[in-house]
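Look at the two complexes coming up: chain A is in both, with chain B in one and chain C in the other.
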Partner chain A sequence: MSSITISHLRKTYGKHVAVDDLCLSIPEGSVFGLLGPNGSGKSTTFKCLLGLLRSDAGDIRIDGVPLAPAAFESLAYVPEKSVLYDWMTVNDHIEATRRSFTSFDRGRCLSLLLQFGVDPSKRVRALSKGMKTATQAALAFARKPRLLILDEPTSGLDPVNQRIVLNLIVEASANGSTVIFSSHQIGQVERAAERIAILKLGSIVLEGEVDDLKSARKIVEGVVEESFALNGLANDARIAHVERDSRIIRLHCNSDADAVADELGSRGAVGIRVLDLGLEDIFFTAVSEGK
Partner chain B sequence: MAYIEWLRVKRVLFWVGIFLAVSFLFVVVLRITLGGINSDHSFHYSHAKTTKISVTGPHGKTKTVKKIVENRQHTETRTLPDGAKQTITIDSDGTTIVKTDHGYFVGYDVDIVSPLQGIVSRNDKSTNVMMFTNSQVSAPFDVNGYHFNVTRPMNYTKIRTASGLPLWIFLLGASVTAMIVATILGISFAAQNDGHLEIAFTRPASREAEALRAIGVDIAGILLVMAIQGSICVLAFALWIFPHVSLNVDDLRVVALEIAVPIAWYAFTLAATASLKRGYGALAGILWPVSLAIMAFGLRAINGAPLAQFIYHTANALQRLIPFYYGNVHQDSAGAAMITVDTFIPDLNVRLLILAALTLGYAAIAIVQWRRVEA
Partner chain C sequence: MATFLSVDPRSGVPIYLQLIEQVKRSVALGVLAAGEQLPTVKHLALELTINPNTVARAYRDLEREGVIETAPGRGSFVRGNGTADSARVAVHDVARNALDAAVREAKSIGLDRKATNLLFIAALDRWLPEQS
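So, the complex of A and B:
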C-alpha cells in the first residue's frame, strides 16, 4: 500500500499558473478521485507527482519519501492520451512492459485485453482511441501495482469497458492498492472513490469523503413571490450558492439545511423541500462558486 | 526502453536489408549479363582489356590490351603443370601478352612486354580490383613459366588480380549507409519526447541508465548495419572473383575510422535533437547539408575581403566539431595506403581519439538535455 502527500505544489507555464499551492493527502489503500473542469490542473498534478514535470514549488512524497526511480516498480500510470507507439503491436508493448517490471503478469494482461476486446497482434495505429485506452489500462492493471495513477482511465471507452475499468479500480483497492484517478464521468467517481478533491484553476475548492460531502450538502428549494428579495440570505455562510428561476429558488447549503428551510418558510416561501445532493451537483456547485 | 529501441533498430535494419537485397540482386543480374552465368572472371579481363595501360608502341601511342588482342599475329594456349591456363598473344609490333588463369580462388595474372619508345610514364595504380604495375626491363626473365626473351629496354606491365584487398574497401559503402542509419537512430531521444515520455520516464530505472541503454542499442545497430553491408559487399565481390581480404595495422586504423565517424555522427545528431519534441526529423536531415557547407566554407577563404575571411575562420573552427571532418582521408599517390591530407590533424590515431572524445561529449550533452525534458 502507498500513501501520497502533496504539500504546497505550484506549477506554472510561463505566466499561466496551472497548479497553485495544492495540498493533498491521500491515505494508503484508498480510492481518490480528482475532479475538475478542463484546464483545472488535474493532469499537471499527476505529472508533477510522477516527476514528468518539474514543479516550481512544493513537496511530493510517496510513502513519506520523494519519488525515486525504484518506486516505479510498484507504481502504474495510465495517462489521459495514448502514449503507446503507433508502429508497435500490442504484443510488443506487452513484451516491453514485461521486460521493465518484474511484477508484470503477462497472462493477466492478455486476459484483460480479451475482456476489452483488444487483439494483441494488432499494431497500435490500427486501434481506436478507446482500444488504446483499454490497452494502457490492461498494461497497468496487469502489474498489480501498489499505487495506481489513472488520468481519465475511461476516456473513449464504451459503457461496457468503462464498467470493466471501474471494477478493476475497486478490485485493486480491495487488494490494498492506492488508486488516484481523474474523470469527467462524475457518476463513475461517485461509484468508485471514497475521497475526492475538486480542482478549479489549479487550486482545490473542495475536498473530503464522498459520503460526508453528500450528507453535508443539500438543496433547499421553494416557490416564492416574484418580488421576493434574498436580503441577507445571499451572504449567509451556510449557503454556498443561490439559483433562481422565476419563482423557484434553490439554495445550495453547505450545512444546516433544515434551519435554512425554516428561515425560507418564515419569509413567505411555499412548497419548501430539502433535497439531497449528488456528487454531480456538489461538483457544479463547487466549480460555479465565484463565477 | 532498450527493448523498444531495439525494435526501432530492427525496423531500420529491415529497410536496410531490403535495400541491400535489391542491390545484391542488381549485382547478380550485372554478373550474369556481363560475364555469363558460367563464365569465369572474364569481366575483370575485359575490364583490364579496356583500361588504358602504359603500353607504348613503336609509334609512341598508348594501347589498350583490347587493341593488342585485336591486332594479334600469334596466339597460343597451353595448360601449365599446376593446371593454370595460359594464353600468349603477340601483335604486329612485337608486344607480348601472357595471361595466366589460376582459377577462381587464385585469380589471374597478365604480363605484357612491349617495345619501348619515347618516354614511358609510370602508371602504377590500384583499381581496388586488380593491381597494375609498370616498369622497364632490359634482360630476359620468366613469369608463370613463360620466358620473355628481352634483349633491349622494354616496357613491362603486370596485372595481378589475386592481390589482397584491404577490409576498409569493403566497408566504404557500409560506412555511408551507417551514417544514414546513424541519422535515423540519432533522433531516438526526440522520438521519445514526441508523446512517449510517460513510458520512458515511468520505469524503475534512472533516466541516465535508460538513455545509456538506448545509446548502446543504437550503436550496436549501427555496427550491425556495417557488418551486414560489409559482408554483402564481400559476397557481391565474390560473384566476380574470390575476395582476398587483408587486414594490417594501417588498414585497421582506417576501418576504425570508418566505424568511428558514423558513431560520432549518431552522437552529434542525438545531442542536436535530444530536447526537441517536434521538428527533430527535419533538423537531423538538415544537419547533413549544413555540416558539409561549413566544411566547404572552412576549406579556404573565397577572397581577401574581411567578410570572406570571417566566414572562413568561423567555418574552419566550427568544422572541428563535425564528425564528417575527421573522415576526410585520401589514398596516397602510390595507392598503397589511406593517408590524411589535412595538415592540422594528419595522424589517424589522433583523429580516432578526437572522434572518441566527440562521441562521448555529444552523448553526455544529449543525456543531460534529455533527462530534463518534461512530458
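So, the complex of A and C:
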C-alpha cells in the first residue's frame, strides 16, 4: 500500500468551482507532484482526499477503499499553513504526536529537527515560517507513514532544508511509501516526482510521467522562406501550436518531434533543430494554453 | 561511490536517459569495471536527490541492453561475462550518439552528404590517422 484513486472529484464553494471533474490515479510507492498556479485547486484536492472537506461529487479511494479512520494511523498530512499550537513548545508537539501514533519514532524526529536546525525546547510562537514548516515535516516523517500528503512542504525553507525535505521524500519512496506533494518550485518536483499533474482553475490540463513528458514534448525549429505555407502542419495532431517570426518557425510538438523535423526538412526548411523542454517550459505552455 | 554520476534535473533530457548515458560512458571509459557493483537504487536516488523509480527505470533499461546485470538481493553489477561485450555496447552507443548529433547538425545548417563526408574524413585524419 498505499495507492490513491480519485474519480470525478468536484468541489464548489458557493458559485465558485474549485475542483471540477478531477481524476487521478497514484500508484503505490510513487511520488506524485501536483503543480498549478495559486487557486488552481491543489489544496482543495488534498483536503477532499483527507475528508477535511466534503466534496460535491466524486469518489476517492485509498488502497481501493473509501477513507476510513484506520487509514490515518499510516497516513501523514502536512498542510500548507502551520497547524502547530503557538503556545506549545516543539517538544510538547513531539510528545503529543508520540501519544497519538504508535509508529512515531521520537529519536528520528529529534535527529531530523537537529538537521533542520530547530531547537525543540522553543515555543512554536518563536519559530520562523520556515522552522514551522521544518517542524511539521519532522513530525510527519518520523512516523514512517505509508502515505504522505504534503501541501507545499518546502515553503519558507532555505535551500539546505529544502534539500533535506526532498531527500526525505525520496527516501520514503525508496522504502515503499507513496508521496503526493504540491509545490510552486518546479525544479523540486522535477527531481523528486516521477509523475505530475498540472492543475488550472480546478481541472487537470496535463498529466504524465515527468520523463515521458520530456521525451514527447519538444520544439522543432527551422528557418523557412517568407512564402512558406503551413498547409497540413497547422492541424497536425503531433503539433500543439506553431510560433512564427518571419523566417523562423517553431513547432511545439506533443509527440514524434523527430518525424516532424524530417517533414519540415522535406518541405525545404533549413537549420532544423529539435529543442528539449524542461518541466518549467512544459508547465508554462500547459498553463497558458489550457488543454 | 556514486560521485561519477550526476544529472541535471532541469534539462529537457529525461533523467533516466541521462543516467543510462552516463553509466554507458563510465563503462566505456573503464571508470566502471566489469563486475563492479553499481550503487543501489536507494543510494543513488538519495545521492542525486532524484526519484527512486526513475533510477530503477534506468537500471532496468541498462539490464535489458546487456550493460549491467542484477542479482536479486545482491545488487546491480557491470556485466562480467563477456566484459568486452558490455563495454563494446556502451562504447558504440556513446560514439554513435555523438556522431548522430554531429551529422544532424551539419545537415541542419545546409551541408549535403558530400560536404559532410569531407568534414568527416578530415576529422578522421586528424584524430585517427592511418598508420603508415
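Keep this in mind: the second predicted complex is superposed on the first by the 254 of 291 C-alpha atoms of A that agree within 3 Å, B and C clash if a C-alpha of one lies under 4 Å from a C-alpha of the other, contacts with A are read in each partner's own complex, and residues count from 1 in each chain.
One rule holds for everything that comes next: contacts are C-beta pairs under 8 Å (C-beta built on N, C-alpha and C of every residue); 3 or more make two chains touch, one makes a residue touch a chain.
Model, not experiment: these values are computed from the prediction.
Visitor: Put the two structures on top of each other at chain A: do chain B and chain C fit, or clash?
Guide: With chain A aligned, chain B clears chain C, so fit.
Visitor: For A:A192, using the defined touch cut-off, is the partner it touches chain B, chain C, both, or neither? Pick first, second, both or neither.
Guide: Only chain C; A:A192 stays clear of chain B.
Visitor: Check the residue A:R267 against both partner chains and state whether it touches chain B (first), chain C (second), both, or neither.
Guide: Once the two structures are laid over each other on A, A:R267 reaches no partner at all.
Visitor: Go through the superposed model and pick first if A:G29 touches only chain B, second if only chain C, both, or neither.
Guide: second
Visitor: Please determine whether it is chain B or chain C that touches the greater number of chain A residues.
Guide: Higher number of touched chain A residues: C.
Visitor: Tell me which partner A:S215 touches in the superposition: chain B (first), chain C (second), both or neither.
Guide: After superposing on A, A:S215 lies in contact with chain C but is clear of chain B.
Visitor: Between chain B and chain C, whom does A:K122 touch in the aligned arrangement: first, second, both, or neither?
Guide: It touches nothing on chain B or chain C.
Visitor: If you stack the two complexes on chain A, which partner ends up touching A:L166: first (chain B), second (chain C), both, or neither?
Guide: In the superposed model, A:L166 contacts chain C only, not chain B.
Visitor: Once both structures are overlaid on their shared chain, how near does any Cα of chain B get to a Cα of chain C? Whole angstrom is fine.
Guide: 27
Visitor: Residues of chain A that sit at the chain B interface in one complex and at the chain C interface in the other, please.
Guide: none
Visitor: Could you list, by residue number, the parts of chain B that touch chain A in their complex?
Guide: Of all residues in chain B, those touching chain A are 1-4, 7, 11, 195-199, 201-207, 372, 374-375.
Visitor: Using the touch definition from the top, list the residues of chain A that touch chain C in their complex.
Guide: Going through chain A, the ones touching chain C are 29-31, 163, 166-167, 170-171, 173-175, 187, 190-194, 210-212, 214-215, 218, 265, 270-273, 275-281.
Visitor: If you look only at chain A, which of its residues touch chain B in the complex?
Guide: Touching chain B: residues 47, 50-54, 69-73, 75, 77, 79, 81, 83-85, 87-88, 92, 95-96, 99-101 of chain A.
Visitor: Which residues of chain C touch chain A once you look at their complex with the stated criterion?
Guide: Per the stated touch rule, the residues are 9-17, 41-42, 45-46, 49-54, 57, 107-110.
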